[in-house]
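Look at the two complexes coming up: chain A is in both, with chain B in one and chain C in the other.
Our next item is the complex of A and B:
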């Protein structure tokens, strides 16, 4: 057996070998992570997994989100007019795919159901070979998929998820959220509510009974109570309930003068018109006009709620009528492709796909830890909400939050929401420690 | 007092729907002796009669308005329903009132569907066990909902309330209270009145017509009626069609309250069976009484004061009552001896 001896000859040999290794062109080391991470696309196809609710309470948002994803893939692959590829800054994507190769995708239906969402994401990773999974309309779906993706070492770009928990106590290293959250909604909407309805109000909450509803209720309750409003009652309603009448009748004689509907998707599309049918907006209570507030809603929900949405105040992540170049480019691409303006769901899906693809391009690899590092702390502009930061400590995006109102006098069938305010990125920025949680390790698991 | 009256109205309104569905279910069980697990699917098919009717009368023409631009810069498309082009204002009224008008489509359609189901499938299971009847009708329900899903998709299809019936009636003012002290949506009042009308109509039909008399006689003693030379099977077939019509029209008028999807029938099936069991298997008055009773209890259980005492009671009250009734009165509120008993 030969024993290693530390002598001058061996030291010179080792130093020489080290110098050769260091001077090796990086082209030989690129892809050095091959076979060390889940669904490495270096020897196969580049598959993105788009897992959205195509049925169930939030199907409409999910189907629109899917259109955003599909448009993003077209633009990444150099098809169509390029959309936000012309406005995003900085941007490494060249319109020739990712790292010079075309992207393909698979789709799934989460059925607006947490278990189905997790199963769909697992199928995409294990059977379809997805290198990145994205999509959600409920926070339950997002949190479940995010946790799974952390376990399997696949990056998850969240779709619509508004719960504080997604980038709070349930945050994960492999999960990133472009959408705003309930805390930010509360901060953004409170000054507008004070201005419009005063500081002496009594609020009654109807809340969808799952993680998003709970954090939404907590955030809005905190924000309105800080204004001086009193909370009369907080009542939980089952997700996907169609007939809210039994929950609305107690509101009539509760002593409240504001109804806050912490509902989203079909829940809101059902509960808001029913609240209006019950004559709540024609009532006087405590000497004031009775008001209804929907803290977070979207274009699609406004269309679904019809006349009932007129004058209703809420917050929104993005709105197609914004005047910046990124919004204009995306609205044009989407409108030409689908014949309607994009919703915030479509926008979120589109932007998340571009951001992931761009991060891979900047990292020069699909190796998840490098892509994660490329996304963490990434500052960009041109995606529709002004300068935006992907914060490294919790993977939450920080950007302007919009306050919107249902249009009283729409000029066409698309003109349903007016942007009545925008709260700056600085104002909606918070200390990440308030929502707790741990991101977890960078190193991927093999799936 | 106002809160009590509001919850009572809500309970009656919900109870109306429960009673209508349970009535048809009991009618089939009382006459044919068949436990029809496809009855919820008939309610769902009624809903989709309204959806189909609206789809047909809102087929649109698309014209381009060169003066206006879409948000993405192309000329704006203007869509107008064909009936509005053909009939002007009357066409617009047809579109606005599509839900109640669709009853004209739903009645013959549901009658035909009911008779076809009874002649094509159910009659072959009259002499089979209840377990087999349940299996075959449950299978039928799944087939029907999958057919609807393939045509209309899996998502709810909202139906509008006619413009004149939107908003709320000021019931408080009618009763001499303050303005807006007690309000209730017009359409829900219409639904309550409609359900009472249909229930009354069914009872009157069975009570005051010769056909009804024969059916009641057949329910009491099928063999004796047959021995008297009356073709009771043909009448029972019509009764099955009538039950389908009752479920169908209940569904049509319910669509503005709850956007229907293909799965709606299953959602109502369990509830309607609970109503039938609480009312007493085979008892028509029992089904109606239990429908309203459970609707009212469910409504009161949703009051904030009640929920603060017993959290979650609104979700379980119906089943809790069913358990208590079955323990105290195993035949249900108005059940007869010998029905569903060996």
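Our next item is the complex of A and C:
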């Protein structure tokens, strides 16, 4: 009996192996030609993948970023009023798609979760045939997707990500970031803090416990300690916490006179109002007024935090109320399309999509190494941040950094932040070697 | 020892054929890409393992994701410290997850029913918090544990393995790199093996003892049968399955994140098993596939796609349908899944497998409908 069964199993094994052989697609025979690369659009449609959190703690920013992406595709395809296509210089895009063909897009929900973000990006690359993937609201998502895209040989244009690691320790040849980073926030905010609050302060950090929080805490700590401030304590808080009272109580008796909240999105929308309700800002400590600083600010967060943001100082990548041509053009077309002013998440997503499309147009091909070379060292203007450089050594954009303050007398619901200073591009430029990391090769993998 | 009954053998053959031909039959559903098919196979292993505990003994563990996470972290550490070969990584992941399950099981299994569920949930949340913040040197917190080019990989060094100098090293199976489809077939073969193991357990005296525990533990105890070692063994086995699934997650995508241990993941595997059919062989697999399909495909449908699907309708009707349907796809995929879950639990308590059985019975039985509702064994 046993013999007979074993034989049958062998037959089964054979059948299984046959099935494997049959169902193995032609993937192994592909890639015999030079310049063969993942999802070459010359054989099909031009697909961009927009992978943003639509659920989870950063959903609000993610949905706004998605609107920016959708607007960018419209403008690239020549629909709508063209937006920044009229102000961006130099620009090779003609408003008739990319290389004369219309762009399409697919969307995904990263659920503010790195696993889901990678699943989404893989779906876009493997099933939908995306030639470029973009979108993130946390640095965790950005770094995870960037690493994946490098492996697959697909360019990743990071969305909102502020950690130093994205273009530092974890930088990749296939990843690009337009958004500013925590180091630049530190450099930009320090002189303003010195002017407003003096050089003799004791700071207490509450930090979101992941890559972005860690690097921002480090950058702000270094920048403020260089001013002569003392750091009393740095406390890590888990992401997505609703109630911060257990973390706020120790601040009262710590001897600190400044609370620095390294929180973003929903976390900051919770922690800042709670800190204000705790009466921290009405307190006196060490003979000075107690102050709260939120180094990284966005208007969506400011709207969410309501009254509590009044007078709070922070930095921002971009602000819709700026007076330059690029900002005006973008704010106008976004406002017409969605009825509200755009957030910095929408702005960075919009600009990243245009920059990628423009680089393809300039390179004359979708072949990733050529597109990467077109983006590396690219100098442009008219995207709302003044003259900007995409640095070749770490794929970080260098441009002005805005210092903002919560508006004391808002005239409307969206008028929540005032720009109180801009730190020049020269001042926020740093040596890429301080963060280490390696970009890796140009040659694409064949996915 | 390795033999199966004729019926089980047929199921195994059918199952193997279905799994291995996934790239063919999934393509009309838009799911035939390696990334998702790997997830299908991996989560099916996870659910099969969970079913050995929940389906056979009736102990509802709400903390199974902890073992998944432990398996993932072990695998990535094996990649970082030892070698990029996946075999040691898988072995270590299964062992470590098993030991972890032994510890948690030893304490949790002192209680039954809801108390057991709460205990496992508490342990899992503890592990999650540890991975998320306290143990960040080991787990790298929210960012997740990633490979780096500078990792030591001592075993690879001893054998002088030539790592490709450009980019990150890739996991290999005895020197062969695993691509997208390679990774899928690895997971598929392991899934078939796991299915076979689960069949053996279901058919064994051990499985019978577990079923006895499910129907009446007290009675089992009164007959002089010590149930403790049996439940603990079932718990450890299912923890090892979860460890294997976690290892495969990290093999197909070398990254381990704390959110794999979150309670929502534990809840997911409960959903998968119930949706498919608790205590059946196929049920957990079907449930796992369904949920992963919803998560990956439904969440990606946006209004543009709906518009093009429904473009045959007149304008007003089209926009109405798009507005209504868009609430159920994209960011609203949880809603669809929730509705489906409610419907299945209310109308088909035995899950999808029960639904299929009823259909088959109706086809076969023709007029004699009473047979479909034949008396169930008391539980």
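Keep this in mind: the second predicted complex is superposed on the first by the 412 of 447 C-alpha atoms of A that agree within 3 Å, B and C clash if a C-alpha of one lies under 4 Å from a C-alpha of the other, contacts with A are read in each partner's own complex, and residues count from 1 in each chain.
As a working rule, a contact is a pair of C-beta atoms (placed from the backbone, for glycine too) under 8 Å apart; a residue touches a chain by one contact, two chains touch by 3 or more.
Everything numeric here is computed off the predicted structure, so don't read it as measured data.
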Touched partner set for A:106, first chain B, second chain C, both or neither: second
First, second, both or neither for A:45, with chain B first and chain C second: neither
Most chain A residues touched (candidates chain B, chain C): C
Contacts of A:242 with chain B and chain C, given as first, second, both or neither: first
First, second, both or neither for A:55, with chain B first and chain C second: both
Touched partner set for A:279, first chain B, second chain C, both or neither: first
Partner chain(s) touched by A:320 [first = chain B, second = chain C, both, neither]: first
Touching partner for A:126 - first (chain B), second (chain C), both, neither: second
Partner chain(s) touched by A:252 [first = chain B, second = chain C, both, neither]: first
First (chain B), second (chain C), both or neither touched by A:335: first
Residues on chain A lying within both footprints (that of chain B and that of chain C): 54-55, 59, 238
Contact footprint of chain B on chain A as seen in their complex: 54-56, 59-60, 233, 235, 238, 242-243, 245-247, 249-250, 252-254, 266, 269-270, 274, 276-279, 282-284, 304, 306-307, 320-321, 331-336, 339, 341, 412, 414
Chain B residues within the chain A interface of the complex: 2-3, 6-7, 9-10, 13-14, 68, 70-74, 76-77, 154-156, 158, 160-161, 166-168, 170, 180, 182-188, 257-259, 298-299, 302-304, 307, 314-315
Of chain C, residues touching chain A in the complex: 2-4, 9, 12-13, 16-17, 20-24, 30-36, 39, 129, 132-133, 136, 141-144, 146, 149, 166-168, 170, 179-181, 185, 192, 253, 255, 257, 259-260, 295-296, 299-300, 302, 330-331, 333-334
Residue ranges of chain A in contact with chain C within the complex: 1-2, 5, 8-9, 12, 15-16, 19-20, 23-25, 27, 54-55, 59, 63, 106-109, 113-116, 118-120, 122-123, 125-127, 138-140, 143-144, 147-148, 150-151, 165, 170, 209-211, 236, 238-239, 438, 440-441, 443, 445, 447
